[in-house]
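In what follows, subunit A forms one complex with subunit B and a second complex with subunit C.
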Partner chain A sequence: MKIPKVTLFLFLLPSLALIFIFGLYPVVYNVFLSLKDVNLITYIRGTSKDVGSLNYRAILGDSLFWRALYNTIVFTLLSIVLQMVVGFLLALLFYYEFPLKGFLQALVMVPWVMPIMVSGSFFRWFLNDNGFLNNLLATFGWITEPVRWITLERVVIYSLTAVNVWLGIPFNFILLYTGMQQIPEELYESADIDGAAGWQKVLYIALPMLKPVLVATFVLGCILTFKVFDLVWIVTRGGPGGASHLLSTLSYSLAFDRFQFGKSAAVLVLMQIIVILFVGFSTRIRLEER
Partner chain B sequence: MRRTFAVGLLVAVLLLVVGVGAFAEVTLTFQSYSNPNEQVAQFIQNVLIPELKKAHPEVDVKYVYIPFAEYMSTILQQAVSNTLPDLVYLDNPWVPQLIEAGVFQKITDNVMRDLGKDFWMDFFPGHRLLTSKDEEIYALQVHTNNLAIFYREGFLKQAGIGEPPKTWDEFQDAAKKIKESLGIYGLMFYAGADEAGTWQFEPFLWSNGGSLLELDQPEAIEALEFVTGLVKNGYAPRDVVGLKDQGDVTIWFMNGQAAMMINGNWEFGWHLLPDVLQKLGDVKVAPFPVPEAGMRSAVLPFGGECVGVTTSDSEKAKYAWELIRIWFAERLDEYYEKWTGHIPTLASYAAKIAEKRPEFEIFIKQAAYTLPRPPMGGMDKYPDVSNELALALQKALTEAQTPEAAFKEAASNIRNLFTPEAYEENKATARKILEEVLARTKAQ
Partner chain C sequence: MRKHRGWKWSALVALVVALVISPLYFIAIGGFMSTEEIFHKPPYLFPPRPSLAYYREAILTLSPYIKNSFIIAFGTLLLTLLVALPAPFVLTKFRFSLKGPVDFLFALVQMLPYTAVIVPLFLMFTKLKLIDSHLGVMLALSVFLVPFAVIILRSYMISVPSGLIEAALIDGAGYFKIFTSIVLPLSAPGIASVAILVFLLAWGSFIVPLAFIKAESMRPLSIGLYVFIGQYGVEWNKLMAGSMIYTIPPLVVALLAGKSIVAGLTAGAFKE
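And then the complex of A and B:
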């Protein structure tokens, strides 16, 4: 039976409507906002004027933006690489049977279960100059002066990245662990017969077989990490002195600390462009592989 | 049987709906960020609303709580989607922008008719300046607050400090002695990258003759150098830049990690409740230190909340105003005496309350030397200006920049927020307000 095209379209209509209303409309509206002089007063009054590329020029001329862009790239890439490495090692560990496996596996999932508000507040206290970590290091006599984990401009983003790695391990672990379960046991068995060492099995069987999962984890991880906001906002609020702003926190601060909605929208548009380029690039790589 | 029961139930439900409707013809929404368990919210819910309902049984008032962090974004959404509540309670620095945006209804006639001109003129000038525009009144400030030094007398004595510090030099000296002899921090304050960070620095800036719109001038840089020095020398922890809010400052203070703290009178209604004060046993308050001996008071920003009518429905606006009228005309004594950790915004009440609540005496005295924040920082540009200052403060405190470099950069960023004419005009306004109050602090 051949279904008429109109009927097919009708079936598609609800999801198309949702995509337009909740997906496309906000994005397009945001682009319009970024081209206007929108602040609290003009937004409520509806009197904002078109200013062309002024918001973009202002943002691109602001050192805070470049700092936030650099931070976002460092934060995203470092987080993903480290999360994947640790997640993979854990998946490898849990592939084998050992006592207390179930309990330890549950423990690995803890960061995922904890609300970010709780873990964020905890890390703010954990990492400050007089915080738990420095006190611990001092007790062991390893430091005499507090290490400035989150109060030193050039260090803060790496401390936040470390926290984010901890938070992201469960996600990576679950995906990679499930992927490893899918690898046929026979491959390892035949490798055993050939006398392959453990590391050879990892390098020549597990990793190549996991490649599709690894790529998917990487792409998903990049997108999820690129838009991290809450962690940084709770631990440092983008400080000290704007040194740990990500593009997301900078955009939020512009909108709700300063009511500069036009500039905030411009940052978001630039973020969207980066995401689109990235997704396009990664899809192309995956297509080429196929 | 079952059918009769169903019909009976339906009738009962209908009667209930109609009945409730008959008792409350008008439902007002009172929006606030005061948590329903806090004193102010309790007062609104348990005193004001029942009082209004007693006189007007046809009215019901719903108290809606929105957390502080989401408050402005919520009002913004409500304003653009025409879903504003009928009354709002909000932080004073936001008021000028919201008046400008047309969120508040004019209440000039109501104030003049029901409270009178003398009552309006009894508000301290700063509160009038902030809640009115072009001779029209848009909101009323219900209470205010400011900053002072809270100290633990026992720690000061142990460090050999007889009197709490009065000047900046004594302040630094006291903090130093505490750090050196007791091993705890002399001082704790808040320097987060937000409005509260700016607010805690403004007393240093303004008392020294510095202006938010002239941060590259020596008076401003000197103030920043002083505050930076406290942290650089270890008298205050560098963690001041990473606290959650000013409540965190009190946590350090209560834990005995710091002997003095900069904080506001609201703490008496928040963390420093009577049982806590009794347990600590030696918490005292001293006026905010001044740059040089002989000044009567530091020049401080004032805080506190305002209330205004936001509904454009004239029927609802009538009742909304009635609620405000009851607050100001009938229940103000009770409010200040019992229900708030804040101090009066009206001169005649200030004198009365200072006697009844001795813990507020210093704050009430300082209130005469407090300034509204927005007019000091370019009015509707104030949030921008404040944010630039908070960022610069953090850069200096963490030694990412020298105080001079940090403030020079901030000053240039701030200047770029305005057109040259607007900048000069706003700078002159701020300077004029500041000079007037500075002259009073130095008058004999």
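And then the complex of A and C:
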């Protein structure tokens, strides 16, 4: 169907205006900010100086940046893979019909509906040096010294990854479960006739048939996890000593703890370049799938 | 039909689900215990001397933040729906030359990290006097919730029969009339899903109010809970009581409307 230009414009105007003014303009503005020496005072006075690539050179020469980049990659990839494994196993459990299925499925969504401030605070207590987890392990006699889950520099990013895996369970479960429903039942039935074992049906029927869904879940998961900020900010604030900074928390901390808006913007521009590269790469994968 | 399993299977699944949602249980009972009891070794699985005092105190301290959270969540919901609803109608039902780029734009903005716009928006809002304002928070949240809503609504509005719209056009109905009296009612389930998801996401929002709201009296619960994380240590029991209070509205919504949440999330994820 055709629609008159003016009518079309009126229908698109509200959403496009919002996106351009408060979404795309800020992103472009970031690029300019990253080339200036901006702090709150120079910004309000309008006297921020151009510094060329100085912010970028400062960032790339800072070990904190490389640490954050490494953390972001480890955090993202590890989270996605583990989330998908857990989500898949859970989806297998829910594949059957059983009493109370609807109710239990609603409960699985709980990690998703809990405000992040709540789950973050909980894990701050749970993983504390004298918190729940260490007390529990000590009770069973499995540890004598508290494990420093979130206070030891080597360990902290893995603890945060584990928490993020928990946070991602509902989303991965729902996508994979929905995908499983689409697989024609006859395939399993004929496998039954051929005498296939349960694990063979999973390995040779469910997983190959799920491939498009698995790819979509992986790509979506990467995009969602790459942007994680809140969880790390609430549990560790990037500490101890910057050991758990992600690119997102590092840029936030540069801007709002140290008021170095220019450097913060430089980190964000680098982050966006990674996202754009990844999106370009992943759409290529999805195109080849077809 | 899928194979049926009995109560034994239910028990197995229930056990796994209980493990997944156990944090909620420990938050709930944490609000009934003293700080010493919370850190007791071995950890208590039930509060040994449950006390309502911490919950009572948490409600008293948090009531202004609760109000702010409701204002922000419903305001964002209203703004997002108002702005997002018209776009998917023309994007799904009509051909026009810039359709591809517009579609791409919505997908692109949804992929941007919040942190990418927080710093420039903070500087913009400082000039526009939108810092410490609920409107500023609503606008910033809508930037990402609008594309999210558009993408979900597309998969509902596309199934509105085109014949119905053509017939109405021939009868002389205007586009706006068709939109309000045919398209909106027929995509009601989608709108409900979107409304629920937007409410949940706005209710739980953290980074936007953290960056844009410095005035104590304007803070929503996500930032308001920091009153229990003071300079001199955390008041864990009140923090947990407050956390539980903060979680109750989304929990009620999820248990009542779990199907809509799932429908919305999967519609948004598998589009295109």
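By definition in this document, the second predicted complex is superposed on the first by the 258 of 290 C-alpha atoms of A that agree within 3 Å, B and C clash if a C-alpha of one lies under 4 Å from a C-alpha of the other, contacts with A are read in each partner's own complex, and residues count from 1 in each chain.
Here is the rule we go by: a contact is a pair of C-beta atoms (placed from the backbone, for glycine too) under 8 Å apart; a residue touches a chain by one contact, two chains touch by 3 or more.
Note that the structure is predicted; figures quoted are calculated from it, not measured.
**Student:** In the superposed arrangement, which partner chain does A:I80 touch: subunit B (first), subunit C (second), both, or neither?
**Tutor:** Neither: A:I80 stays clear of subunit B and subunit C.
**Student:** Just checking: does A:T236 make contact with subunit B only, subunit C only, both, or neither of them? Give me first, second, both or neither.
**Tutor:** first
**Student:** So, does A:F122 touch the first partner subunit B, the second partner subunit C, both, or neither?
**Tutor:** After superposition on chain A, A:F122 lies in contact with subunit C alone.
**Student:** After lining up the shared chain so the two structures overlap, which partner does A:E185 touch, if you call subunit B first and subunit C second: first, second, both or neither?
**Tutor:** second
**Student:** After the superposition on A, what does A:I223 contact: first (subunit B), second (subunit C), both or neither?
**Tutor:** second
**Student:** Using the touch definition from the top, say if A:Y96 reaches subunit B (first), subunit C (second), both or neither.
**Tutor:** Once the two structures are laid over each other on A, A:Y96 reaches subunit C alone.
**Student:** On subunit A, which partner's contacts cover more residues, subunit B's or subunit C's?
**Tutor:** In the superposed model, C touches more residues of subunit A.
**Student:** So in the superposed three-chain picture, is A:T151 touching just subunit B, just subunit C, both, or none of them (first/second/both/neither)?
**Tutor:** The answer is first: A:T151 touches subunit B but not subunit C.
**Student:** Identify the partner contact of A:F256: answer first if only subunit B is touched, second if only subunit C is, both if each is, neither if none is.
**Tutor:** Both: A:F256 reaches subunit B and subunit C.
**Student:** For A:L176 in the superposed arrangement: first (subunit B), second (subunit C), both or neither?
**Tutor:** Touch status of A:L176: no partner.
**Student:** Which subunit A residues contact subunit B in one complex and subunit C in the other?
**Tutor:** On subunit A, the residues that contact subunit B in one structure and subunit C in the other are 40, 43-44, 121, 130-131, 255-256.
**Student:** Touching residues of subunit A toward subunit C in the complex: what are they?
**Tutor:** Spelled out, the residues of subunit A in touch with subunit C are 1-5, 7-8, 10-12, 14-16, 18-19, 22-27, 29-30, 33, 38, 40, 43-44, 90, 93-102, 104-119, 121-123, 125-126, 130-132, 135-136, 138-139, 166, 169, 171, 174-175, 178, 185, 213, 216-217, 220, 223, 226-227, 229-230, 233-234, 248, 251-252, 255-256, 261, 264-265, 268, 271-272, 275, 279.
**Student:** Touching residues of subunit A toward subunit B in the complex: what are they?
**Tutor:** Contact set of subunit A toward subunit B: 39-41, 43-46, 121, 124, 128-131, 148, 150-153, 235-243, 253, 255-260.
**Student:** Give the list of subunit B residues in touch with subunit A in this complex.
**Tutor:** 72-73, 76, 79-80, 97-98, 100-103, 192-195, 237-239, 241-242, 244, 257, 380, 383-384, 387, 391-392, 394-395, 397-398, 400-401, 406
**Student:** Under the definition above, what is the set of subunit C residues touching subunit A in their complex?
**Tutor:** Touching subunit A: residues 1-7, 9-10, 12-14, 16-17, 20-21, 23-24, 26-27, 30, 38-43, 82-84, 86-87, 89-90, 93-96, 102, 105-106, 108-109, 111-124, 126, 139-140, 142-144, 146-147, 150, 162, 165-166, 169, 175, 179, 200, 203-204, 206-207, 210-211, 221-223, 225, 229, 234, 236, 239-240, 243, 246-247, 250-251, 253-255, 258, 261-262, 265-266, 269-270 of subunit C.
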